[in-house]
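Take a look at the following structure, please.
For clarity, chains are labelled A, B, C, D, E and F in written order, and residue numbers in each chain start from 1.
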Amino acid sequence: MDYQSLSLEIADHVAVVTLNKPEKINAMGADFWDECGEVFRQINDDPDVRVAIIASTGKHFTAGIDLGYLQSLLPPQDADPARAMDMMRRKIKYLQGAFEAIDNCRVPVLAAVQGGCFGAGVDLVSACDMRYASADAYFIIQEVNIGMVADVGTLQRMPRQIPDGLMRELAYTGRKYHADEAFATGYVTHVAEDHEALLAHVKQIAATIAAKSPLAVSGTKVMLNHTRDHGLQEGLDYIASWNAGMLSFQDVMKGATAALTKSTAAFDDLM
Amino acid sequence: MDYQSLSLEIADHVAVVTLNKPEKINAMGADFWDECGEVFRQINDDPDVRVAIIASTGKHFTAGIDLGYLQSLLPPQDADPARAMDMMRRKIKYLQGAFEAIDNCRVPVLAAVQGGCFGAGVDLVSACDMRYASADAYFIIQEVNIGMVADVGTLQRMPRQIPDGLMRELAYTGRKYHADEAFATGYVTHVAEDHEALLAHVKQIAATIAAKSPLAVSGTKVMLNHTRDHGLQEGLDYIASWNAGMLSFQDVMKGATAALTKSTAAFDDLM
Amino acid sequence: MDYQSLSLEIADHVAVVTLNKPEKINAMGADFWDECGEVFRQINDDPDVRVAIIASTGKHFTAGIDLGYLQSLLPPQDADPARAMDMMRRKIKYLQGAFEAIDNCRVPVLAAVQGGCFGAGVDLVSACDMRYASADAYFIIQEVNIGMVADVGTLQRMPRQIPDGLMRELAYTGRKYHADEAFATGYVTHVAEDHEALLAHVKQIAATIAAKSPLAVSGTKVMLNHTRDHGLQEGLDYIASWNAGMLSFQDVMKGATAALTKSTAAFDDLM
Amino acid sequence: MDYQSLSLEIADHVAVVTLNKPEKINAMGADFWDECGEVFRQINDDPDVRVAIIASTGKHFTAGIDLGYLQSLLPPQDADPARAMDMMRRKIKYLQGAFEAIDNCRVPVLAAVQGGCFGAGVDLVSACDMRYASADAYFIIQEVNIGMVADVGTLQRMPRQIPDGLMRELAYTGRKYHADEAFATGYVTHVAEDHEALLAHVKQIAATIAAKSPLAVSGTKVMLNHTRDHGLQEGLDYIASWNAGMLSFQDVMKGATAALTKSTAAFDDLM
Amino acid sequence: MDYQSLSLEIADHVAVVTLNKPEKINAMGADFWDECGEVFRQINDDPDVRVAIIASTGKHFTAGIDLGYLQSLLPPQDADPARAMDMMRRKIKYLQGAFEAIDNCRVPVLAAVQGGCFGAGVDLVSACDMRYASADAYFIIQEVNIGMVADVGTLQRMPRQIPDGLMRELAYTGRKYHADEAFATGYVTHVAEDHEALLAHVKQIAATIAAKSPLAVSGTKVMLNHTRDHGLQEGLDYIASWNAGMLSFQDVMKGATAALTKSTAAFDDLM
Amino acid sequence: MDYQSLSLEIADHVAVVTLNKPEKINAMGADFWDECGEVFRQINDDPDVRVAIIASTGKHFTAGIDLGYLQSLLPPQDADPARAMDMMRRKIKYLQGAFEAIDNCRVPVLAAVQGGCFGAGVDLVSACDMRYASADAYFIIQEVNIGMVADVGTLQRMPRQIPDGLMRELAYTGRKYHADEAFATGYVTHVAEDHEALLAHVKQIAATIAAKSPLAVSGTKVMLNHTRDHGLQEGLDYIASWNAGMLSFQDVMKGATAALTKSTAAFDDLM
């Protein structure tokens, strides 16, 4: 795969996806929307990968959707309005798909955010499992500032991640949400001093996850995503059926032995 | 409209509803339960309004339901118990309707709470989008203290606003929940020094919201309310269908231009 | 009832369940899994009990599931794999049932945690209404460390109790989650200096709850559990139907009188 | 109440609503949409009424929505399209409300259909509890024939009343669905020879229902509507909570006695 | 086990439960409500059983709940009404449990109905997988005739088994629903000439099911019950996770070979 | 596109997909599972297509999944069982995807079935909008006969298409379900004399649908699929939001005019 809007590196079971158009503040153009879904489907299908990081370059994480690209999505003026809207609906679903690939990715995805993270950038990191930030980071639900309702996931995912009252204030006012407030209210899980310390911290977390049984980690992600959308009884029933078949005696043996002997177990990749 | 238990002022796209029976600690009697639903339906139908505030007068926000009124709801002693209960059920639904009008109101509703907020007062402010408090404010789930299960919304809305363990402690013990604890645990979004500073802060937030596209703000409220009750896929599908038709190119143009030129856009009212 | 893995004491409407195998770090063996469900069903059926506490003895709350017992659950090597899995599924559901008895118990259940709380211990305390801890307490989602997906409730209940990003970090890394962090992020509701202070605090909370109308408290638990799994409209409708019949005029009269006279009401037990 | 598009007669606990513009094939104009909701709310609030019939006059049941009225709903040409759509959405919800009043009506509503029943007429009778027809009756999902998606309830209610494959054929082709086919496939519950015999049959069914306890009948409707939208466990729990309070010992005593003595019980109206 | 209100015979993998109080028209008294749950839990836990039949003796299948027993459930006159209702709710849930044991039973349960099947009898057979009837059979939703809302499952299960309009007519009028109409509308799957022919037919169906892989049959029941309460995507995901572990290669090999060679496979019992 | 296991012809807005391996009884091998999803995604994306037919060649519609292909899906003997199952789960989801493409296809899909339709063939036609059959057609849920639980959609879709009791008899016994019984119980919507008459009938239905506004037809399919999985209120709200934007005034004008003038409207394709 050859990506334009981002780069992908895989080492030691960890995939690192990096937005690499700092000269455009990593604005999300046509390339990005194709490649974001693509890269996380590639990661999903690579049995060697056990965890992923999404990071960025330059002063800001991302400026959000590229405004020129946004304009190109608009239907021609002379179209039948209803047909135009039908097409619009399919385009929005296409954009959503880019971040659903993160949500559906078999492995945990960790976001490392520096500087500003605007609009679709918030949709992006809300689709990740965890968010980590440097002290200068901030988030803005930019959509309300440009006169529209956010439509690629922020309003569906973020209310499950932060207090409801705060969520509404951020979504209605479009104000800055700084790293320290984001940490205090649960949106980011750790704040590092600067970008370098941030990447080091996130890689350390990723290494810890990569050392676990990949079957246990991906099963855990399936269950956490399931809980988000289902009642308690359904969740309990689902995990019972899942573990009936997908509990690996081999891994538990290794894991329990390692726990007792304070050693490190080496787990096999998935098939 | 001529209201008894509250007043309504509308200026600069902001509606301010104020409880105005401080001599009765703003206890909620027959007038209130009629008028609360009425006033928020009026606000909902007024295209000039873009955001609402609910505030109060006197030392305390509200004493909760008026005990005399509560008594008047009880069925006559000699009624067939089952028929009496059937009537009781309709009365509870009538009471709930007063706060559902807040929930369903097209515009965000901000609560500004000073002093004590008891029983049905907690049900009321939990139905608002955001809660702001002065330093002397506190909340009490009074229902358990008077031997009943809260039935006008606290137990349905507040568990989605604060940590589950804390919610249960408050609901089972009926203890005071002070402004600072409420801020630290996400129930209120800002604590101001006193009532005056509180009103100033809330009006500032309201002014910020009133300057946004009313279509974007009300669409955002629809989505946030939808997320509260639906799974992720349903939410993504809903916003895609919504924005296919209700994305205003006119507003986005204004908004994007204003963002680029650091100026302020003037958005039209709804029809 | 004669319990081996735990003890039960009932006094002043408060049931105290205590894990009493400190010499085995209160590891959960065959006895425990039978008795945990049993004891909470006994509590549920005893009209004298109004609140329950689950505490433990020794340095640590519990080591989690006994590894020998875990091994005994595994099917024989030579079984048809699909039949073995079918049996495995029924066994997991049996284990889940032990903690569902806590969830379904009519009265609030308060967990008091000292020292380490590992694996199935986290599943256990997540099924309680509130969690309280001593300063030395910590929680570990041990399952991922031994190569398996947690399957007795942690992944279904805990995500509704703490921020989503943190939940995922804990579940993927299996790291220690200390009392102070657990307090700051909503998992525990109070941290006491030591085990003694912890028990005193929890008993004080329990006494407060025991003084309320047991009908109001158990109805409140039913509603809070219902809200966890249902949409807003369903919740409002459910409480309206519930209170139509189960609002006790006798209790409200006592409760309101006590509130007005600043005295203490004495509520009757359930039938 | 003084209705223009329909008449209301109440006798022997039975309300009969009759569409009375046969000269316009009972097309549904502005009057109708106001009055349909109004009349069923009146019926709902009249404790003397225990069952309702909706019938019509002339050769056909109804031509569906009045096309002139439909046109009057369209937004002005020069409106901002997004604001126009926002208004459109509220108007559709207003139309839906007319038939939701039937669905939410406390008493069973029986539709008696003669001749053609077009478009919004199908939405109307699908919102009734039961449908009865004369031999010349037929139904047409007219919306697809005039280039639109049905939006006042047919596509939400009728799929729960007839086989899925047939539903789709009718909705995609807009073909005639004759009384005999509608009976064989469950949409209508009885076919009478002609309009007169139809009204006699429906009144007989209504009289039977009016002789039952109104509390039992309206509780049954609540449960059947609940089952339509909820899972099994939720339904069982709901009826248990409901009957705990709303089972009338007085009525059961009367009913059981009448059953044993083969006499007729006289039940009181609701309060 | 020694049952009073019913008998249990197990032969050739088929369990036959027979109501055996024809002198009391098999009215359901205290014994029955205990034993019905008990017998189906016994069947569930017996790996030798692969299918169950519930049949009856005498002219009628059952008269429904015993009226004396119903009376014994009523709370004492002088109890606090709310506490009495709380107890009532628990008793209704206990009654529901008897039929939930049928629903949750690992094996398909076939009902064979002769003569009248009244009230709770309809709740009972609606909880079975399939219903078969002799020509003289009929069903009556008797609850509405004695002034109450059915509360042990008819209103939750039967609407998923027959057309909605018919369901409502039967539930509101309490009229007879004869075997031939019940066959034409899907409630019963076959009508036999008389009781003897009925039992022969049902045993033939049972023998066919008993010859299948018990793992395949019980997995199919789990999925059909799941579909009743869940959306399409959830169902597809559930069966994928289920079959990942619980597809028996041994059974498929046997089954496919038998299919190709037109012979009969012999499947092992569950563990 | 060049398909091996099927052919695709498009004419007059109608796409006809034909299974074309009669020499193998149209057994579904590796080619088929790739191509089925592919062809319906192609149809979905072709704005010229307004309706699709899936037909077959030879004596039988399909033998179901190719047994050799089924065997190739099994994991290697020496794999870690849990990793093997994890892979198995992904393979089942891949198979399901082939039929989800039918469900998600923008246009109605009509199945025309002759002769036997076995196993995965039933999963296939259950994913279609309507099913039509020749008199010699029959359906067999073959999975239970070869010792497995059906896992590509039959148990999730068919219970929403036929009576519950019948569904269970067919799924547990694996018996033949003949065209006439399938018509009487709602699974097929029309039975034709022979294959030729069947194709003529289905093409006539398809032509009728192709003459409608494609926007109205695809919107109707979206709503009918939505109703299958959602409650009434959600459905009403969804169609209101949908039609706010996607109601084509141009199409309604054409449609209404044609209806009044008894002429035929010509609707534009989608964009």
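Note that in this section a contact is a pair of C-beta atoms (placed from the backbone, for glycine too) under 8 Å apart; a residue touches a chain by one contact, two chains touch by 3 or more.
Keep in mind that what you see is a predicted model, and the values were worked out from it rather than measured.
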Open item on the list: Using the contact definition given at the top, which chains are in touch with both chain E and chain F?
Closed with: A, D
Task: Chain pair, A-E or A-C, that carries the greater number of C-beta contacts - done: A-C
Open item on the list: What's the distance between the Cα centroids of chain B and chain F, rounded to whole Å?
Closed with: 47
Task: Inter-chain centre distance, chain D versus chain F - centres from mean C-alpha coordinates, in Å - done: 32
Task: Multi-partner residues of chain F (at least 2 other chains) - done: 81, 85-86, 89, 160, 162, 185, 215, 228, 230, 233, 241-242, 244-249, 251
- [ ] Treating touching as the only link between chains, describe the layout with one word: line, ring, star, complete or other.
- [x] other
Open item on the list: Going by the touch definition at the top, which pairs of chains touch each other?
Closed with: A-B, A-C, A-E, A-F, B-C, B-D, B-F, C-D, C-E, D-E, D-F, E-F
TODO: Using the touch definition up top, name the residues of chain D that touch chain C in the complex.
DONE: 230, 234, 238, 241-242, 244-246
Open item on the list: Please output the residues of chain F touching chain D within their complex, sorted ascending.
Closed with: 51, 108, 129-131, 160-162, 185-189, 205, 208-209, 212-213, 215-217, 219-221, 223-224, 227-228, 231-233, 235-237, 239-249, 251-256, 258-259, 265, 267
TODO: Under the touch definition given earlier, write down the residues of chain B that touch chain D in their complex.
DONE: 75, 79-87, 89, 215, 218, 245-251, 268, 270-271
Open item on the list: For the complex, give me every residue of chain B touching chain C.
Closed with: 67, 70, 74, 85-86, 88-89, 92-93, 96, 100, 103, 142-151, 153, 155-157, 159-160, 162-169, 171-175, 185, 228-230
